[in-house]
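What follows is a set of structures for review.
In what comes next, subunit A is part of two complexes: it sits with subunit B in the first one and with subunit C in the second one.
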Partner chain A sequence: MRKITRILRWILILAVACLMLVLPWIAQNRYQVHIANNIGIWLLLSLGLNIAMGYAGQYNLALGALWGVGAYTAALLQTRLGVPFWINLPLSIIAAAVIAAFVGLPSFKVRSHYLALVTIALGEAMNLVLVNEVPITGGADGIGHIQMPNFFGFPINNDERYYYIILIMVILGYVLGRQIVSHRIGRAFRALRDDFQAARAMGVNTGFYQILAFAISGAYAGAAGALYAQLNTYISPDIFTFNSALIVLTMILVGGMGSLPGSIVGTVLLLVLNEYLQVFQRWQLVGYGIAIIVVVLFLPGGVVELARKFGNFRRRWLAGLSKGKSDAEAG
Partner chain B sequence: MSVTSIFFQTLIGGIGIGSLYALVALGYSMTFRSMGLVNFAQGSIYMVGTYFGIIWYQGMVMNLHVPYAAAFLIGLLCNALLGIVLERIFRPLAKLDLMLMLLATIGLGFILDNLFTIIFGATGFAVNSPLPNTPWIIFGVRVLPQMALLIGVSFSLMIGNQLFLSRTKWGRAMRASAVDYEIARAMGIPTNRMNALALSIGCMMSAAAGILAAPIVYVSPSMGVAVGLKGFAAAILGGLGSVPGAIAGGLVYGVLEALSAGYISSTWTQAIAYIVMVVVLMVKPSGIVGEITVEKV
Partner chain C sequence: MFLEIDQLTMRFGGLIAVNNVSISIEKGEVHGLIGPNGSGKTTIFNVLSGYYKPSGGKIIFEGRQISGLPAHQITATGFARTFQNMRLFKSMTVMENLLVAMGYRAGVGLWQEIFDPVAVHREEQTFTEKAIELLDLLEVAEFANEPATSLPYGHQRRVEIARALATNPKVILLDEPAAGLNEIETEELRKILVRIHDRGITILLVEHDMKLVMEACETITVLDYGRKIAEGTATAIRKDPVVIEAYLGKEGNP
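So, the complex of A and B:
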């Protein structure tokens, strides 16, 4: 029985992998690929926030602005200095991670609502820097004419080609996230989240791990930013706000807080639903609000929790079945 | 204009906008102290209350042009009913984790914002002041009558609320159920009804803020976003859950914003206000009033 399940699981993984690989060819139009790219960018954001919030319990609601830091770093390096994608991407990641570490500094002194508010305020202040520092950031008009990357003479100049870069980044991000949460750092994060004092008493360097959690979410946001800037070739500050952080937060909660697959499920679900519900216009957003309340009230663990419950139910059902059979045999 | 009169001019502007923030902050604090819940839909409630009142004044319903004072009362009453409905929605939320609570109230705000955009359209409108638009000049300081009305009515409402909480039997019952839910219940206080009352008061305060400020600001379904965030900041600045704290926090925040706009730079006003808030939180997390209302970690 277990063997079959394992084989089924591998078949499923292979099927998904194949689907992801050929997606640009089977998509009906370029717009669908564009949506897939968008999903990839939001996936990086939600993976990062899930590590910081779901695992380490650090409310990093400056995420929108950190995303902006990544996007602006990449855009400025590229348009002003001509730094190619392969160099500006890691630099954006580093820049966003460093700034995120600074955003995390108040977590030494404040927690829960207060930390949420402090990070919101810092994020909004950073967004105002993007709006107001017109000579550097172009103000509310943003930065245009960003080049798409060029791979040693092979131009990656459309959504289909760019898709593979995003795919690689998302897979890297997921695998790395897996490594982070399932090893030493992940254990420290969970200890930090569940009982701060106990973690401290057990010798966890709480300050270091708090900052690390912020920096990790910042790094993911930085990667998402650099990818976003060079996909859309134009950026403006209006998307790098608290609202974006909220959208990511919703994705994580719908998918499952403290679960990396949850991040994926939530992001894909919300963004795909978003496309199908466009026809309802504003009513769609009302439905979105109602959906949030319903999830919070009846499914606080997110969709992943639902899957886990179903798994438990099935296991019990199977156990009951085999027990019934043995009873029948005994009888 | 002399230096001092410019200063007082800025100060009056700050107090005006500050009393608006204070009323919204009261909404946050009343909800938090009674139900232990941060209601991030408060900004939307402020917007909803404004519409509830102003549509009558502007003749948007059956072309009725109700007098401003009557529209004000209608708005307050409608929002009080909204508060009672909200209490019922929030009751199961109060036991949940902070993040879930936050998200559910944000979801609620989302619903309200978009419903009102569907009904009234995304573009807003300006509201004519019921009072003359020529400013009064008091000791060389120019004060718009509407601003004076905003400050006067806000202060009376805040004082009235404080008296209600401290002097009446209902107020005492509300405070008791805020301090210890279980014991209040055991003493025969209908705690759920008290929570509903607290939420109603909070919603009424937000509606009052919106309707009073409507002739000064622009009325639109997205008007609550910035005010909601600033009201929350004000509530935290004063100490979340504390009623005098909310008032002090709102006024300090408003004055701070006006002073930094007047003296430092108008483009950086908001950023400065945010940074000061962060610093205050770091230095004194219990807020400027110092009443400890939030469980320390």
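So, the complex of A and C:
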């Protein structure tokens, strides 16, 4: 039975992988590919926030601004100094991770929702810097004329080609995220979230791991920022706000806190729904609010909890089935 | 001296929880720390494990002053502890609880932890084997993959001791390990203490179960109102009039 499940699982993974690979060709129009790219960028944001918040309990709601740090680093390096994509991407990741580590410093003094408030304030302050440092950031007008990447003479100049770069980054982000959360670092994160004092007594350098959690979410946001800037070729401060952090928070709450697949489910669900509910654009935030309330009340583990519940139910059902059979044989 | 608590004082505002207490502990000893409620036993533990910085005095471990170091560094020098009100990590299995305590001293570096799956896999195997061995020692190996807090109370206590041992300690601080255990479980606990002792680990035991303390400990220190009032072997302590007075009150006092 378990063998069949495993085979089914691999078939599913393979099917999804194939679908991912050919998506630009089966898409009905360029806009759908654009949506897919957008989903990929938000996926990086929600994977990063889920590691910091879902695993380590570090409420990094400066995420929107950190996304901006990545985007502006890439944009400035590219437009002012002509630094190509392949170099400005890692530099953006490092820049956002370093700034995120500083954003994490208050976590030594305040926890949970107080930390959330402090990081919101820090994020908004950073956004104000983007708006007001006109000579560097271009102020509210932002930065335009950002070039799309060029791979040794092969221009990645449309959504279809760019899609594969984003796909690679998302897969990389997921695989590295898995590696982080499922071994020693992830256990240290969960330990300090579950019981701070006990974690210290077990030898976890809690301060270090708190900052690391912030830096990791910053690194993901940095990657998302660099990708965003060079996909849209134009950036302005209005998207790098608390509002964006809130959207990412909704994604991981709906999908599943402390679960990387939860990040994927939540992000895809929210962005796809968003496309179909364009008419209600004005009510978007109201909708997110309702979604959060419903999930927190009825499904605290997010949508992935449904899958887990179903799995448990099926296992019990199968166990009952085989037990009934052996009982019948015995009888 | 192996572990020296030297004129330790711990003040919280106007309250003096520990007042000028000195205790010497030898390597491999089972040392009991008893006293009525509020006599400062747990406070001494909290200072020893680095939660509090002492207001006065110092703690010397293997010739090195450790008082004032952050908790995780004290753990790295060889201290481990359990808690009076058990504090297992609630989102984790029994196995994961033990794994948390491993690998901060040696082991693969941070970058390897993220980018080198082969090294991580090898490390995980070593950790898991060691964890199984400790769970066997505490006779809870069969629950390795159960959620830690779903276990019966007595078993959770054992998992907590196993988790403390997983940090590879030289000294283990047990804060009321028999609290909430019945007589049979307490007897099993005593046997476990013997096994831990046999591994050459020094045990510092805070406990209200006098039978256990008298049987298990080689030396006992008695505290009352933050002061050390007596120290000696179980037999000596049992007869000490000062100790009897602290526990039962003065004769003739209504």
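Rule of thumb we're sticking to: the second predicted complex is superposed on the first by the 320 of 331 C-alpha atoms of A that agree within 3 Å, B and C clash if a C-alpha of one lies under 4 Å from a C-alpha of the other, contacts with A are read in each partner's own complex, and residues count from 1 in each chain.
Going forward, a residue touches a chain if its C-beta (ideal position, glycine included) is under 8 Å from a C-beta of that chain, and two chains touch if they have at least 3 such contacts.
The structure displayed is predicted, hence computed values, not measured ones.
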| item | value |
| --- | --- |
| Joint occupancy of subunit A by subunit B and subunit C, clash or fit | fit |
| In the superposition, subunit B vs subunit C on subunit A residues touched | B |
| Subunit A-centred angle between subunit C and subunit B, computed on Cα centres after superposition, in steps of 10 ° | 80 |
| Contacts of A:L63 with subunit B and subunit C, given as first, second, both or neither | neither |
| Partner chain(s) touched by A:L89 [first = subunit B, second = subunit C, both, neither] | neither |
| Partner chain in contact with A:M257 - subunit B first, subunit C second, else both or neither | first |
| Subunit B versus subunit C as contact partner of A:N205, first or second or both or neither | second |
| Subunit B versus subunit C as contact partner of A:M169, first or second or both or neither | neither |
| Subunit B versus subunit C as contact partner of A:R111, first or second or both or neither | first |
| Touching partner for A:A188 - first (subunit B), second (subunit C), both, neither | second |
| Closest Cα approach, subunit C to subunit B, once both complexes are overlaid on chain A (Å) | 13 |
| Subunit B and subunit C contact sites that coincide on subunit A, given as residue numbers | none |
| Subunit A residues touching subunit B - in the complex, by the definition given at the top | 53, 59, 106, 109-114, 116-118, 120-122, 124-125, 128-129, 132, 196, 242, 246, 249-250, 253, 257, 282-283, 285-286, 288-293, 296-297, 300 |
| Residues of subunit C defined as touching subunit A within the complex | 49-51, 70-72, 75-76, 80-81, 83, 87-92, 96, 99-105, 107, 110, 113-115, 117, 120, 123-124, 163, 166-167 |
| Partner subunit C, residues of subunit A touching it in the complex | 176, 179-180, 183-185, 187-188, 190-191, 193-195, 197-207, 212, 258 |
| Contact footprint of subunit A on subunit B as seen in their complex | 38, 89, 92-93, 96-104, 106-111, 114-115, 117-118, 229, 232-233, 236, 240, 267-268, 270-271, 274-275, 277-278, 281-282, 285, 294, 297 |
